[in-house]
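Going by the order they are written in, the chains are A, B, C, D, E and F; count residues from 1 in each one.
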Amino acid sequence: MFLENLSSPPLLFFFLGVLAVLVRSDLDVPGQIARFLSLYLLFAIGFKGGVALAESELDTTVLLTLLAAMAMSALVPLYTFFILRRRFSIADAAATAATYGSVSAVTFITATGYLTTQGVHWNGYMVAAMALMESPAIIVGILLYTRYRESSGDQVRQGVDWPGLLRESCLNGSVLLILGSMAIGWITGPEGMKEVAPVVKDLFLGVLCLFLLDMGIVAARRLGDLRRSDTNSGERSPLPAMVSLSLALPVFNAVLALTVGRFLGLGEGDLVLFTVLAASASYIAVPAAMRLALPESNPSTYLPMSLALTFPFNLLIGIPVYHHAAKWLLAG
Amino acid sequence: MFLENLSSPPLLFFFLGVLAVLVRSDLDVPGQIARFLSLYLLFAIGFKGGVALAESELDTTVLLTLLAAMAMSALVPLYTFFILRRRFSIADAAATAATYGSVSAVTFITATGYLTTQGVHWNGYMVAAMALMESPAIIVGILLYTRYRESSGDQVRQGVDWPGLLRESCLNGSVLLILGSMAIGWITGPEGMKEVAPVVKDLFLGVLCLFLLDMGIVAARRLGDLRRSDTNSGERSPLPAMVSLSLALPVFNAVLALTVGRFLGLGEGDLVLFTVLAASASYIAVPAAMRLALPESNPSTYLPMSLALTFPFNLLIGIPVYHHAAKWLLAG
Amino acid sequence: MFLENLSSPPLLFFFLGVLAVLVRSDLDVPGQIARFLSLYLLFAIGFKGGVALAESELDTTVLLTLLAAMAMSALVPLYTFFILRRRFSIADAAATAATYGSVSAVTFITATGYLTTQGVHWNGYMVAAMALMESPAIIVGILLYTRYRESSGDQVRQGVDWPGLLRESCLNGSVLLILGSMAIGWITGPEGMKEVAPVVKDLFLGVLCLFLLDMGIVAARRLGDLRRSDTNSGERSPLPAMVSLSLALPVFNAVLALTVGRFLGLGEGDLVLFTVLAASASYIAVPAAMRLALPESNPSTYLPMSLALTFPFNLLIGIPVYHHAAKWLLAG
Amino acid sequence: MKPCKRIEIVIEEPMAPRLVSMLKGLKVSGYTAIPNASGDGDRGTRRGDELAGDSSNTLFIIACEDDRLVKKIVEKVRPLIQRSGGICLVSDAHWLTH
Amino acid sequence: MKPCKRIEIVIEEPMAPRLVSMLKGLKVSGYTAIPNASGDGDRGTRRGDELAGDSSNTLFIIACEDDRLVKKIVEKVRPLIQRSGGICLVSDAHWLTH
Amino acid sequence: MKPCKRIEIVIEEPMAPRLVSMLKGLKVSGYTAIPNASGDGDRGTRRGDELAGDSSNTLFIIACEDDRLVKKIVEKVRPLIQRSGGICLVSDAHWLTH
């Protein structure tokens, strides 16, 4: 099971990136290229999801799944915040909670690739679920911060800019591009797909290889920062807590999602994806939003956790394990 | 008719880009990527045109079309200049005239995509016509400026650097890349096409989607600048004139081109493309050349006109209308 | 024979790039794009090589070829250094020797494209030979420098950082990406190839066109620098020596490689590639390594030689001539 | 050439639009912004390799001849870099009038 | 360390080659150029997002110890930025000799 | 605002990591680095178009209030730019404290 997942080219390129940093090679993907590869992946997954949506029927399961996804995204930060508060500052706890409530598009995309390779069917509306899970977590995170900062006597410097925040969380670049591409895929349907299939479908896995190569490099660098920051200032950064939480939280969230998803009656592929969404943590959209909404939170807390630990954990161990668990649940 | 054009993925991505700016999302295509996508489109359309040329016969219609194209590009700036002079400074009138005499490669490319989707045949030499229409307009624009600047008593600071200017207008990057790719496509023919078809043909529409997404973002930003500049300094910038001219000029030029093209005996596809070339305005090559040749002209006059108004007008309304007009003319 | 090679699209785009510089056009490929295209080519050739390796048997010929390749890479700098020492400073001689001992991945890649077009088979392990030939030359170059610098009385400012140097030469980005992609191609085999073939195989020649367009621009600029530097400071830079050596060295090295390769019993395609590897000179990996290891060497000596003279020489004349020579040798 | 102050601000990329609207609010006559700067400081390394710009800095250069305006800018910059990091340097220069 | 002037010029990207050839004509010993700067000024916003570089600025830094040469550079820069926009700042610095 | 020195270093891209580790060794509190600068100098033109960064410069800006540290930095920079080219300028500035 693990070996199968391990022998997929995209995952192996992730490890090549990690290796490059470990041996201190100068291998590097230029910054604008990395951003473009991520734009491409969002565009392609959105379009594919939209076309799949146009070809399928929308029933109550779909609606319930989307609602459950948003509820998960709002719920996860709540309990995560209270777990984290004991070791983290309030700002850091709120930002990290938002990070784990939200999702990692690349983990989701890798999971779809995994399912395709395994021949397991999944439904296009799961892409919509992913897009809808980005924002609630951000809002809950900020709410938690404003609520507990006051009660803990922090000096309130400036009120939260709620309209700006809503825009940031619901209309940030990634969310808009996925939702927009989905809408376009849905409008143009299989006809539109015929025109753009060579880009949207054929290139997908090859581009994912190059993108994960870069992700491996970036993740390994953050892991290095994490180790270094610990040895420098032993007191503030609770390294062991960070490491154990970044491995425990995805598992905990996955169990919750498997339960909820089973209850919703999701099929094998959709259940795996729903679980992956809950278990994954954002490292693009949420960190960017947190820099604006909670600048006093420390990105060197939540970025290494989600990017350097939770992300490879889900990629390597999580996805196949969640798949086995889902099969077991559905068989049971 | 409009709905058909509207449901093409590239056009919808243009509107997604516009929407992103309207809702103030941070969606953005990195600058070097945007430049590369535009290089790719010029490379692909040039190569395809060259191969088509190698496969077809060159007769007098071809020669006459190319000559007529160049004549249009020289003629349009002439009357445009005199229309504009009443409201614009001489430098701005000359630069805007050159802009409208020249062509928009992306409008042309979108029109070829539209024709392909509609199943209408067009000939490869129209790509050559496009490439040849970039330069004459620039030269006429500068000539008009030097002629009328003197008579209006402006202080002449420095003579025009004609050799440099000719190089700028005839050998700028876009023109050279289209002509070069055409030549290479023509030399290597269908054999060469076989080698590069996956890049040159298959990726074309998908890449066009991503490029038009960026164009939508850039165009909407310019439109915002236009509105803002008007409220700031009410006196100088003749906003209503700019808006009405950027919608009237393409229609006027299209009518002229339809007449000339019908007279030349062009087929349906070629007539549409000839009309699109005349109706479109440059926003890459000419503005760049004008910064060097007429630095006293104000790019915030002609850039928003061509990019934020004429370009979407042609894309959305122009292309299908010109097509209907062409069909009607050829049937009549 | 030459005409055949000349009518391949990638090569023609190289000349288009050269032409753009000659006519002083502003045609340019953005820097990050150029780096990405080169990453793509290394990724694709590595992956293809690895899959080919997985499909073939490893015998003693393979092992001997790889050893011979490394030996060539170590041997070439030795005699090159002593030839160059008479006209160049010791640092420049050592850096140039390393440049010629190492290889040009793009020349190799173009040669594989040439062979594919000619219908000549070649083996995947030649990609490994290429990757293994990058490093020995760098090490020998530095060894030569440290050895002769001392004896010539130069002031030794700081010892060579050997661990850093080994890392630089064996784990630089290009080497790691080729070897890593080969390993991944080898692990995932034809199954993996199916997933990424549209990117790795189909896009290859089209991307090569765009990359060689940029190479043409960069090479022609370096050629201009070469001419200019000569007229400015006539004394130091031995222009005639540089020109004649950059044409003589590839021929000399090719003859040596043909002899060795014939002796090893290589087939037609592999013999051509082996010859191309020996005849080509690095202009990416080695110059970058030399900036760190021998900063007192002058890149405007060896960069124009390898990039502006040897590279186009091999591309245009070398590859088909080596092919004819190989056919003649194998027939004899 | 007229004497002026040269203000130089390094701020993280997501905050750059805020700085710009602050400058516009103060009716500053102009500024220049250079993206994709990396750096190191109290808040750790910013490598400029992040996928959403949240690990890059932007460098702003503002020439300003009005000393009172310089003071106002600096006062408004202070809370921004206090919360999210960065530096602000002010030096003397001469500005070419044209 | 020798005293010198530090000249800093912001000019639109299409004009950068002209500035370079002007500097070469004056036999300036060196310069550094930083591309893709955005900015705002009298001629509106330059976003650095344009497809042909006509909406970007380039920042030039020139260290120069010869005061007469500084004057010459400034005089030649004046018409360039007068016609097409930009700024030119001159300040004092110390240059590490080596 | 506290007085400080503003150190500005232009160095070729492959040497940038060495400069960074040198700065870290000296426990410099921070720096900002701007990549992809082109330039011209005694060692010819660096166009910033190279495929492996060996024709680009990186611009470093370091604010430093400790004059002894400034001296140390400058002394360590000297051999770097002596061997591989570049410039180092030092000027006075005021640093916004926060």
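To be clear about the criterion, a residue touches a chain if its C-beta (ideal position, glycine included) is under 8 Å from a C-beta of that chain, and two chains touch if they have at least 3 such contacts.
Everything numeric here is computed off the predicted structure, so don't read it as measured data.
Steps from chain A to chain D, minimised over paths through touching chains, total 1. Listed by label, the chains touching chain A and chain F alike are C, D.
Seen from the C-alpha centroid of chain D, the farthest chain centroid is that of C.
Looking at A-B alongside C-F, one finds more C-beta pairs in contact between the chains of A-B. Centroid distances from chain B, each centroid being the mean of CA atoms, peak for F. Chain C and chain D have CA centres that are 44 Å apart.
A straight line joining the Cα centres of chain B and chain D is 38 Å long.
Mean C-alpha position of chain B lies 41 Å from that of chain C.
Among the residues of chain E, those touching two or more other chains are numbered 34, 36, 48, 91-92.
Each of residues 28, 31-33, 35, 173, 198, 202-203, 288 in chain B touches at least two other chains. Note for the complex: chain A touches chain D at residues 28, 31, 34-35, 38, 157, 173-174, 217-218, 221, 225, 229, 283-285, 287-288, 291-292, 295-296, 298-300, 303. Looking at the complex, you find that chain D touches chain E at residues 1, 4, 6, 20, 23-24, 29-36, 61, 63, 91-96, 98. Within the complex formed with chain C, the chain B residues making contact are 31-33, 35-36, 39-40, 43, 47, 167, 171-173, 176-177, 180-181, 184, 187-188, 191-192, 195-196, 198-200, 202-203, 288. Against chain E, the residues of chain F that register as touching in their complex are 8, 10, 34, 36-42, 48, 57, 59, 74, 77-78, 81-82, 87-92.
Those residues of chain E lying in contact with chain B across their complex are 12, 14-15, 18, 36, 43-45, 47-56, 79, 83-85.
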